[in-house]
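Below, subunit A partners subunit B and then partners subunit C, in two separate complexes.
Showing the complex of A and B:
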């Protein structure tokens, strides 16, 4: 048995068993019962259709733009505030309890309030996505700077570093692994928040909007195409970022 | 210069004891500022109502039993869905950890689905389950399933192979192997998975209630938004934040209690 499993081809083939069973069950369901669902054989057609009329491309484009805009706003702000509160204690005293209180509210729970303040649309979605990116960036940057080893700073003092030098040469590199961990989380969170707000608000274009549309039209085939696109994109973004992280941390002696 | 070099550490060291007072002062200060800003007329009432109004809304909603109704409905969904998802996650995680064949057969699908945010499954689940109670419980169950299954898998795979060898030498029976070796060894990892699952389940439940529900905290906020009742929306934000906080704190406490033997 174990020798069989060591064969990579057999392993891959085994991996297809569960999805095939699922598809088989689905096909059987649609052929034996009268259901409103499209059979799985319709997925290919739906895929072609969505490529053809540009729904998929425009959805992917809108979702990616939204997720990265939110990330570009929320993450730098989070890193800046996280580092500032770690270095400057009075700011920490004032800001951290407030931010910690805000952090407890489920990300998507802000949607009704923001919707009331800024209307149902792009602005509200971007704010929620930015908030989703902000908190993990802030928490990890704070922890990263707060945990910088004291002896590093002592060395800096012996060399008579100025404040900017201390920041650039000691604090920033030492906190970099944690900052990047925060960014990785921020990336995942803003991705989730983007899909979530798109599903809930359904404004404009986007993968979540298309999913919501597929739901109201009972188009399971269309839904699965979008789900597959979401999975593939999420995976690709995550992998790309892990590579970037490894590149940025290449000076570290051991891999993280 | 030298003094300014160290606040990061001072801060870090006094975390536990020092800022207890500060933790009380800051929220009070915040509430005071919020109240003052509203009373000074900085914000129109449609945009921001003072905390005193939110407070009295909470009190009157609690008085009429409406608040309790929403909270108990949400918590009921959370507990039931979490129990189902956790049980399924534990069983699935154990199976794919113990059987290489099951791992080869199921983990590719599992890891693929893991890439998709749980909230993205919401529209599909609406197609299958409608928007009633089963849908909300299923959403919570799915949100809880993945972290628990993964943590269980990692926990069991993390058990040193030597322990199994020792068990084999002693001819340990399977129930004993599970209860006396596997369970204690995997408890820390699984508890962490449970805590993550609980927090995620709460977030996803609130989202699902925003989308479609006749009761629950999420629904309370969504109705408030549609009726432009900013006080109800703010009350919902506060309550959902409080519940999220208490769930996380409770889970952390249990986690620390249960894993104390490790460090002791």
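Showing the complex of A and C:
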């Protein structure tokens, strides 16, 4: 079996088994429950339609822009604050209780308040997506730096490292596996938060907006196209990120 | 090379010597469970420039603590530790250390790990690559420059750590059970390399080990410490030229004596009697 898995084609082909089974079951279901299931054949038509009028492209573009803008704001801030609180105890004492309490509120829970403060719109959505990216980045970066082994810091002292050297050559690389774990979570959370806020608050365009629209128009086929697009995009982004992670952590034994 | 601590020369009398270590009236305690516990008591030791001193003793006798103090990772002690007359209070590039675990940074290649030691020296940047390459060759690791530590065997990683410690040419090199984690064959091999390197560089070296044979093979003197609290119990002179022959009858006789000394257990208390000199002369 392991020898089979060594073949990249077989490895990829195995990943298609479950989706194809799902697809078959679905086709079978649509022949008996016509109203709640759209047949896969109808999806193809809807897909062509949504490509044609540009709904899909503009939706994907708007959602990606929102998710990555939020990530670009929230994640660096989270990494910076997480590392700073791990290095500097007083800051930790001041900030961590508040932040740890705030993170108990689910992202969706912020929407009513944020809507009241900033109005329903792009700004509010970006704040919520940024927050979704911020917390996992902060927590994991903090843990990563806090877990740096003293024996490595001793080496830095012996060779007279300055504070910037200690940060760049010890703390940052030693914490990197955890920082990247945080980023993986931030990526997933900001993706969820983006689509969630799009559904709940609406916007000019976006995959969530299209889903909402499809629901009001009872377009089951459209809804399924958007779902499939969301799943595929999220999967592709995650895969790309895993590659980046493997490259950045190439110094680790590849036993896992 | 016999040094009587009671009549040791004043530090001012040896201004030109490089790597002279003087420890006097050193006491160190840790607070364990709110109670201070003495781990080193009245340590008196003078190490000549270029001398190789081994320290052996049961675990818990404060050997490693002593090295941490000398290297400057811990500065809470009473008494004096001086290198070439200067009191030690923090780390310095004059003093290097090799730990039992290699402590290479896993995120750097072997080459980068060695080069980082030169980061804060005044070695010209242009020469650094060459110096690093020379030291990699010195410890027989040519061809592994780009390897990450997890790709090296234990012995190779330890030799890389030795190269990293030597690259700054410290006046004093401390070795904290550097070969303890190696298998017997690799250990003998690295011991030979250490001896070769020491003979070539002649920097002062102080090595802690639990291997009496290793202590005798490498050391000009072997310091025997006793635990609770850690004290110097005996100093054994090993009057044999380097490089040494492992089969030397003198080494074997001294080994038996030291092992007997270590296994007699209870330390005999008072300060003067814990400095008995066993003079080893080779019978011809």
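Observations
FYI, the second predicted complex is superposed on the first by the 212 of 256 C-alpha atoms of A that agree within 3 Å, B and C clash if a C-alpha of one lies under 4 Å from a C-alpha of the other, contacts with A are read in each partner's own complex, and residues count from 1 in each chain.
We take it that contacts are C-beta pairs under 8 Å (C-beta built on N, C-alpha and C of every residue); 3 or more make two chains touch, one makes a residue touch a chain.
Only a predicted model underlies this, so the values are computations on that prediction, with no experimental measurement involved.
Once the two complexes are overlaid on the shared chain, A:230 sits against subunit B while remaining clear of subunit C.
Looking at the shared chain after the overlay, A:43 reaches neither subunit B nor subunit C. Once chain A of one complex is fitted onto chain A of the other, the partner contacts of A:174 are limited to subunit C, with no touch recorded for subunit B. Of the two partner chains placed by superposition, subunit B and subunit C are both touched by A:157.
In the superposition on chain A, A:251 makes contact with subunit C only, while subunit B stays out of contact range. When the two complexes are superposed, the chain touching more residues of subunit A, out of subunit B and subunit C, is B. In the superposed model, A:165 lies in contact with subunit C only, and not with subunit B.
In the superposition on chain A, subunit A positions 157 are in contact with subunit B in one complex as well as with subunit C in the other. Of all residues in subunit A, those touching subunit C in their complex are 151-152, 154-155, 157-162, 165, 169-170, 173-174, 176, 250-253. Residue ranges on subunit B touching subunit A, taken from their complex, read 1-2, 4-12, 19, 22-23, 26-27, 30, 47, 100-101, 104-109, 112-113, 115-117, 119-124, 126-127, 202-203, 206-207, 210-211, 217-218, 221-222, 224-225, 228, 230, 233-234, 236-237, 240-242, 244-245, 248. Within the complex formed with subunit B, the subunit A residues making contact are 1-2, 5, 10-12, 14-19, 22, 37, 86-89, 92-94, 96-98, 101-102, 104-113, 115-117, 145-148, 150, 153, 156-157, 163, 166, 191-192, 195-196, 199-200, 207-208, 211-212, 214-215, 218, 220, 223-224, 227, 230-232, 234-235, 238.
On the side of subunit C, the complex with subunit A involves touching residues 71-73, 91-93, 95-97, 99, 101, 103, 105-108, 116-117, 119-120, 148, 150, 168.
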